[in-house]
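Notes follow the structure.
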Amino acid sequence: MTVNVTNADWSAVAPLAIVAVTALVVLLADLLSPKNVNRYAAIVIALLGLLVAGFVDYGQFRTGGDYAAFGGAFILGGFSTVFESIILLAAIGSVALMGAIGRDDRFAGTIALLLWSTSGAMLMAGAGNLMTVFLGLELLSLALYCLCGMAERPAARESALKYLILSSMASAFLVYGMGLLFGASGSVALADLTNPALASSPIFWVGAGMFLVGIAFKLSLVPFHAWAPDVYEGAPLPVTAFMSVATKAATLAVLARVIYAALPAGIGDKLLLPIWIVAAISMIAGNVGMLAQHDLKRLIAYSGIAQVGYILAALAGGTPMGLRYAIYYLAAYTFMNLGAFAVAAMISGDREEGTRLANYRGMSRRHPVAAAMMTFFLLAMAGLPPTAGFLGKILILSASVNAGYAWLGIVLIVGTAISLYAYAKVIRAMYQRDEHAHVSEAHVSVPLAWASAVVCFVFVIAMTFYPHTPSNILPLVK
Amino acid sequence: MGNEGTYPYLLLLWLLPLAGAIVNWAFGPQLKRAAGPLGSAFVGVSFIATVLMWGAATQGVPGGAIGAHQSLFSWIPGFDFGLLMDPLSLLWTLIITGVGFLIHVYSIGYMDGDKAFARFFAYLNFFVFAMLTLVLSDNFVGLLVGWGLVGLASYFLIGFWFFKPSAVAAARKAFVINVAGDVGIMFAIFMIFASVHSIAYGDAFAFTSYPSGWLFAICLCLFIGAAAKSAQIPLHTWLPDAMEGPTPVSALIHAATMVTAGVYLVARCAPLWSHDANAQLLVGTIGALTALVGAILGCGQWDIKRILAYSTMSQIGYMIMGVGVGAYEGGVAHFFTHAFFKAQLFLGSGIIIHALNNEQDVRRMGGLRAKLPFAFWAMLTGVVAISGIPFLGAGFFSKDLIIQGALEHGHPIMYAVGIVTAGITAYYMCRMLFITFLGNYRGNVDPSELGIRHPELAGTPAHEEDDAHESHGRAPAWLMNVPVAILMVPTVLIGWLMFGGENSPWAHFFAQTFPHETMAAPAPVSEMFTAVIVFVCVIIGIAVAWMRYGAAPAAENAVERLRVESVRMPAVLTNAFYFDAALDWIFVRASQLLGTLFGRFLDPQVIDGAVRETVFSAQWLGTLVRSFQTGLMRTYAFLIAIGATIFMIYYALAAGGVK
Amino acid sequence: MLVLALILLPIVVGLIMLVMPSRDENPVLAKSIGTVVAAITFVLALGSKDSEFSYQWLSRPFQAALHFGAGSISYWIVLLLAVCTFSAILATNLPRARAFIGHMLILEGAMMGVFLAKDLLAFALFWDVMLLPVFFVLLGWGEHPATAWRYFVYNFAGGLALLMATAAFGILFGSTDVIGRPDVHVIGAWVPWIFVGFAFAFLVKTPVWPLHTWMPLTYSDTPAPMVAVVSAVQSKAGLYGLIVIGMAFMPDYLKAYGGVFVVLGVISLLYGALTALIQNDAKRVVAYSSLSHLGLIIVAIASFNPIALQGAVIYIIAHGLFSAGIFITLGYVEEREETRSLVRLGGLGASNPKLAGALCIAALAALGLPGLAGFVGEIVILTGVFQAGYTWPAILALIPIVLAAAYMLRLFQGIMNGPQVEDLPVRKDLGWLEGIALAPIVLALVVLGVNPHALTTFDPAAYNATHVNQGVATR
Amino acid sequence: MDPMSVPVADYVGLSAVIFFIGVAGVIVRRNPLIMLMSIELMFNAANLLFIAFSRAWLHNAGHIFAFLIITVAAAEAAIGLAIVVTVFRTARHVDVDDVALMKG
Amino acid sequence: MIAFWILAVIMLGSAIWCISSSKPVYSVVALLLHFAALAAMYLTLHAEFLAVIQLIVYSGAILILFLFVIALLSSGVAPFSAGPNKLPRIGIPAVALLLVALGFLTYAVNHAAATVASATTSTTSQLGAVGQAGVFGSVADFGKALFTTYLLPFEVTALVLMVAVIGVILLAGDATPYVASRKQAAEVRREMREAIVRGGE
């Protein structure tokens, strides 16, 4: 079978292509532009490119045609465009925070890597066969390995090493699982995984198992989560911001596509049971892990572990409503996380004081607005009204209850209760009044960080009162 | 009951004292010395309005019986409020406003120069208003409102000198015990409402089909209130302490009016009582007991006001006994006469105390007859009246009615108790009279020689007297004497109203008020006989008193004799039969103990501790999770491998399953 | 629309006051702004009787609307809230007044939202929002942060239960826009759990023994103006919810668990009264007293008797008034004497007669003096409870009345009576501003005590009527 | 088509064994380079799987996939080595257990 | 048949040698052997192009890279004398567990043969002798698929390599001495500890 590639195919992948090309433009601009402006030039170009990609993506979403490009390697549709847009948001948010990262001579390269990793994530969002899934994942990950090491701190290098080795190991599991899946189905297309004959094929089951191990690692579900706190803590702040959202979003896209469109009928509950179980464990473990943390990035790593558990609770049972609610919560989570990181960036100097919770004590005196915003975002993560986190949790609860997975809903409730306590400790620190807390306070406040914080704030509020869950997002494989 | 209508006089006499209270309270500082006359004026006008109301109430009622009813407003269906004027409430209203007015006038003189002159009259007026609410209300809740408000007024007035710890304590004690009484009435109201679905007297009395036992329960609960308010055993302990208040207060509240509210309540609820013999027996017994105990305790007191207080308690015991056994006219009559002579006694003692700069211990008086002749005559008439010397004082007639009534209603024991008590009463009243007025003045004798162990316990300690009164005697003496003089007239004469049995004006006045149950058997002895026996007892009492305190030899070495008596005074009497201690242990200490247990141990340790533990356990879980986070890459890889292994096991088994 | 203004005006102004840069503190300005806003809110509240606002919020996963309107109970509670906030702000005299008053206003707006909400989700939403200002004030102004955390742990546990119960309600019955709808009456396998969730939140907030241990500490640590509002109104949120949610939608279950509620209520009554007897911290005396008083209302609600319900509403308002009065007065005392210990205080009445008068009236209302509002509530409630056949609860509930007399007089006399304490500063009596702050409360206590007829306008039958069982528009 | 001389199951078993040998290497060795090599082993096990199956199916998708994997593995090795170099450039001994700043 | 088993034994042995040898250089050699055997096995599976790629890319590029790095790192310092083992008893249970997992896996796949054999083959081209043109596994066959059906993945590999290039440049350019940064690390650790202490739990 041969495929003849047309313009439609290329336009289907236009958004990620634009992002990838923007990276090259950034590199060129870095070579051409004088040293003192290149930092901002890079940021501006990157943002422009991402925005353009976003517009194209939105256009695709509006026209909303489903199209299997490149012989089903990339499947354009509401599903892919929605996830792509979320990933783009993450990229924009983290590029906006990049102002103070790394050394000047490596800045453009850093931005380029971020953009490439973005395009990798977007590729995963639309991946229609195992190859694109694998390549997208590797593109995302490889760039992130490098990005993690981009700070002048030993912690950064350490996080890079840990991330590299553990993630490669997980990729190996993933790809081995893909091999077994290929062996079972005789095809690399996700579409052929729906073949009912597979339901009784041991290779398929074992392959799916190893595939899910890889996925669970990328989603940092317990017990595959251990890398996340260390890597998040060591990596530079904007990279962490990107990682905490883009990786999860892209991987969720793959997982959701598999759950909804690429399984033999009737075995979903049995096949995915381990995923739901680890999701439940993650909800609890992630939240209790947050207690007594001393670094914001680490805290958010744990909270991210739990949040992914929530999102999976929505996907449980594979109801269309569940997917819509999961996407809603994912978007909410994106804004909450980026907002929190933006606030942290506001009060960070070149050594990222803004992520050390010790520096948050009495913050309400020094930066009342920043403290208020951070409080808001943390409460949103905790799921208190009136925030999108609150509404999202209720949506997820309804989804899991309606799908017959009420026990996941109950675990969610318990986890939320614990997380309240954990987040409240940070808030407590911010509103403690001890004037004699000698904290190394850097008053760097990046305007872009402010901007993105405000934008996230607005969105988190707006999503609460205009809850829109896109309807045409059911994933397809052909 | 009573014919409906709008009676401006009624509202006027009811609300005028309130207006007075508000005016005095709000503009006290500006009014200065004008407060007294103003306050008195309000009450005086209220009295006049009462008299006019009397006329208005008789209009257009068949048989000239008094009965007027005016409805006011309603809280919720069933809780409708109104004013009722019938012979009973009229009688009380007359006393409250009339005697009240006199005492107001007296107070102008007595309280003259006090820092809080206006406040005093505000309280006094407020009390009059509250008492009127009590007696004029046409339903139980209204009565309860008045009941509580008079308690408040008495609280304020007892604790009027609120810088005196003793006064503060006494006030709180009085209030709390009275609240206990209120609670009793409240529960009675629950039962009445639950069965009648109304709180109006009329409905409650007309209702006949109370569940079995409820009638007694209702009477019992009502009587708890009555007992607390009227200082009946065992809730009487507040009354002697209440003497911490200024003397006019004692005269008005703790002698003439408030403490007789219990009598009013029982008389008012006569229809209930007359349907339940047990309730009658209970009330009568308690009354008799109180009369006796009060009288006995009266013999052991040295503080002139406390002597009067115990006598009040004893006299109210009489009244309660009367209304309890069913001799309602008698009981009410004794209230009527008692109001006059006891007020007079108190006011007389007030004159003495005033003259002796707040000295209240009779042992430090003596020989005052020469110094204060007017006071002597006032006290004398009072004593004569209370001791019940035939035809010379009002007390004779009313007391006789009660004692005879007890016998007529078939309670010989109460009859006996009444007679004995009459003798004791004569004894301790004369004791007080002789010690105070005969012999020589002992005010300059050293207290220890008189056996006064704790001077501060008796009356106002000398050092605080300045706080209370900056200066004495600025007001003319007649301000205090005239009311007493006026009171002498009824003290001596009013009893004749009750003379003549069935066709006395008194019996006529109450013709339609009280239920008349037919006597089981005619009284074994005639009224005349009773009178004689009582007279004999009284004479004995007086004689003993005279021999011990009045006669020349006793008067000679009074100091020595008093010292001996003080020292030898049996502990039972000095401790007033240990009622105080008992109540303290049973209620106060017990609840404090429980409170300490709850507040100091249960709350912080047990309940709160449990919550704290749960929170800590969450943290412990956190440390557990984070203990996997060793920071060593290989641990993480190992975790992944383990997880993968578990996945493999599951999927291999699942694959086997689907095969 | 008016109700929306009621909610948003204080919140917006409060937020503005909070985020203003913390330089150039001007307490007088802040105080006057706060007072004016509170006054405006009160005027609006007066007119909010039949105003309503509704905005369709959620269609998935269930119908929910931002739907607000004053019901027959909430109208009075809203008025109470407006009055108390006005007085409290006027009585504020604290460091960092601007931020504090900002919190007060946010608290007011949030509670407006709670009591005006006609949608369960909006109710739960504002419920949680109303906890935050207290929490932050405890952190910022309280004496020990631990108290704030105790408050947080207890109340957010309750708030969470409320949220989850609400969500479950909506998910199972398709709509949460139900408050005040007489036709809604849910049954089903899940409903007991939903009911338990609601009840837990309500009982924690009220509070009821044994969920009360956060309350004495909170009340004694929170600055007087805020604790006045908290104890006066916030504590009523639970009772209000119990009436308009528990009783209205799940009467079967409220009846089924009625015994438990009565027992808890009676225990709270006695426990609170006895414990109040031995407290030496003036504010804690009042705290435990409100544990006792609110237990009475729980009993009233659980007794399912129309008269008791009438009484409950009256007592909700009355308790709000007198506890606010007492706390504000105690705040004045603390300002003057810099202590709350009944052991140290004394003899204040000689130099501050007006203050003494105010405290006296409030305390008398609290101990149920006939003629003041507290008495009306007590007697009507107990009459109803007794009529409903709960004889022993009624009897036991009478004991705390006597105890109340004891501890309230202990409080009043301990502060105002007795000889002057030498080492305490003697400050001037109430100023006219402070007087104005207290006047409305005292006035209302007396007026409602004489004739509370206005409060009895609502129809209990609407709440405990037994309709045909039916879910809301089922999915 | 002529059947495979060796049943595909044997290839699968072989690759599985190699794969898990690689996993064991990652876990037990403390030398990052050998860890990387173990990972290469794992990838190659996957490769063997793909090629064996594509032979079984006579479907060259497996070949393409193996090609991609080789490419990615190369890139990964390059980056990995670079990171290892930056971390351990002047370390006394190259031991990942020394790299544990962040824990908890 | 015979070839398979010989190659299998070589591969297994070299793999175990690779992960168990104390000197990384030996591991590299073992890996080289492993890859060679693997390439041979590719040939037996008609994957001629991949066999070549395997040799060139792995043996020719990656392993050389490894050698360079080993040389670089061990320059001037004691060659990989293993330091104190932070988790001494982890190896045994790890291997044990893995063997268990292995057992389950092989158990599962032993049932696999039937599935695969019976599956309908969607063949793309005929099977032919190795080296013959246009048959399954031949370069032409491979290339055609790569540039038509799997164009997108192929394009993406370009990005992957680009990332590798740029990333390595950025990373390896770092010249911060690790000793210094160890001091820094100690400092950071101390700060964190103080922070925890100050954080007052």
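Per-chain numbering from 1; labels A, B, C, D and E assigned in written order.
Basically, a contact is a pair of C-beta atoms (placed from the backbone, for glycine too) under 8 Å apart; a residue touches a chain by one contact, two chains touch by 3 or more.
All of these numbers come straight from a predicted model, not from anything done at the bench.
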(message) Applying the touch definition from the top, give me the chains sitting in contact with each of chain C and chain D.
(response) A, B
(request) Give the fewest steps needed to get from chain B to chain E, where each step moves from one chain to a chain it touches. (result) 1
(message) Among the chains here, which has the CA centroid at the largest distance from chain D's centroid?
(response) B
(message) Quick check on this structure: which chain has its C-alpha centroid closest to the centroid of all protein C-alpha atoms?
(response) C
(request) Please state which pair of chains has more C-beta contact pairs than any other pair. (result) D-E
(message) Could you work out how far the Cα centre of chain A sits from that of chain C, in whole Å?
(response) 44
(request) Express in whole angstrom the distance between the two chain centres, defined as the mean CA positions of chain B and chain D. (result) 99
(request) Would you kindly tell me how far, in whole Å, the mean C-alpha position of chain E lies from that of chain A? (result) 27
(request) Just give me the whole-number Å value for how far the CA centre of chain C lies from that of chain E. (result) 68
(message) Please output the residue numbers of chain E that touch at least 2 other chains, ranges allowed.
(response) 86-87, 90, 94, 98, 101, 105, 108-109, 111-112, 116, 119, 121-122, 124, 149-150, 153, 157, 160, 163-164, 167-168, 171, 174, 178, 185, 188
(request) Name the residues of chain A that each touch 2 or more other chains. (result) 131, 135, 138, 142, 145-146, 149, 154-155, 157, 160-162, 165, 169, 173, 180, 183, 186-187, 200-203, 205-206, 229-230, 292, 421
(request) Would you give the residues of chain B that are in contact with at least 2 other chains, written as numbers and ranges? (result) 615, 626, 629-635, 637-638, 641-642, 644, 648, 651-652, 655-656, 659
(request) Spell out all pairs of chains that touch, sorted by label. (result) A-B, A-C, A-D, A-E, B-C, B-D, B-E, D-E
(message) Using the touch definition from the top, list the residues of chain D that touch chain B in their complex.
(response) 23, 26-28, 30, 96-97, 99-104
(request) Could you pull out which chain D residues touch chain E in their complex? (result) 1-3, 5-14, 16-18, 20-25, 27-31, 33-34, 36-38, 40-41, 44, 47-48, 51-61, 63-64, 66-68, 70-79, 81-95, 97-98, 100-101
(request) Report the residues of chain E in contact with chain D in the complex, numbered from low to high. (result) 1, 4, 8, 11-12, 15-16, 18-19, 24, 27-28, 31, 34-35, 38, 41-42, 45-47, 49-50, 53-54, 57-58, 61-62, 65-66, 69-70, 72-74, 77-78, 80-87, 90-91, 94-95, 98-99, 101-102, 105-106, 109-110, 112-113, 116-117, 119, 121-125, 127, 136-137, 141-142, 145-146, 149-150, 153, 157, 160-161, 163-164, 167-168, 171-172, 174, 177-179, 185, 188-189
(message) With touch defined as at the start, can you tell me which chain E residues reach chain A in the complex?
(response) 105, 108-109, 111-112, 115-116, 119-122, 124, 144, 148-153, 156-157, 159-160, 162-164, 166-171, 173-174, 176, 178, 181-182, 184-185, 188, 191-192, 194-196, 198-199, 201
(message) Per the contact definition, I'd like the list of chain B residues that touch chain A in the complex.
(response) 615, 618-619, 621-626, 628-629, 631, 633, 635-637, 639-640, 642-644, 646-648, 650-652, 654-659
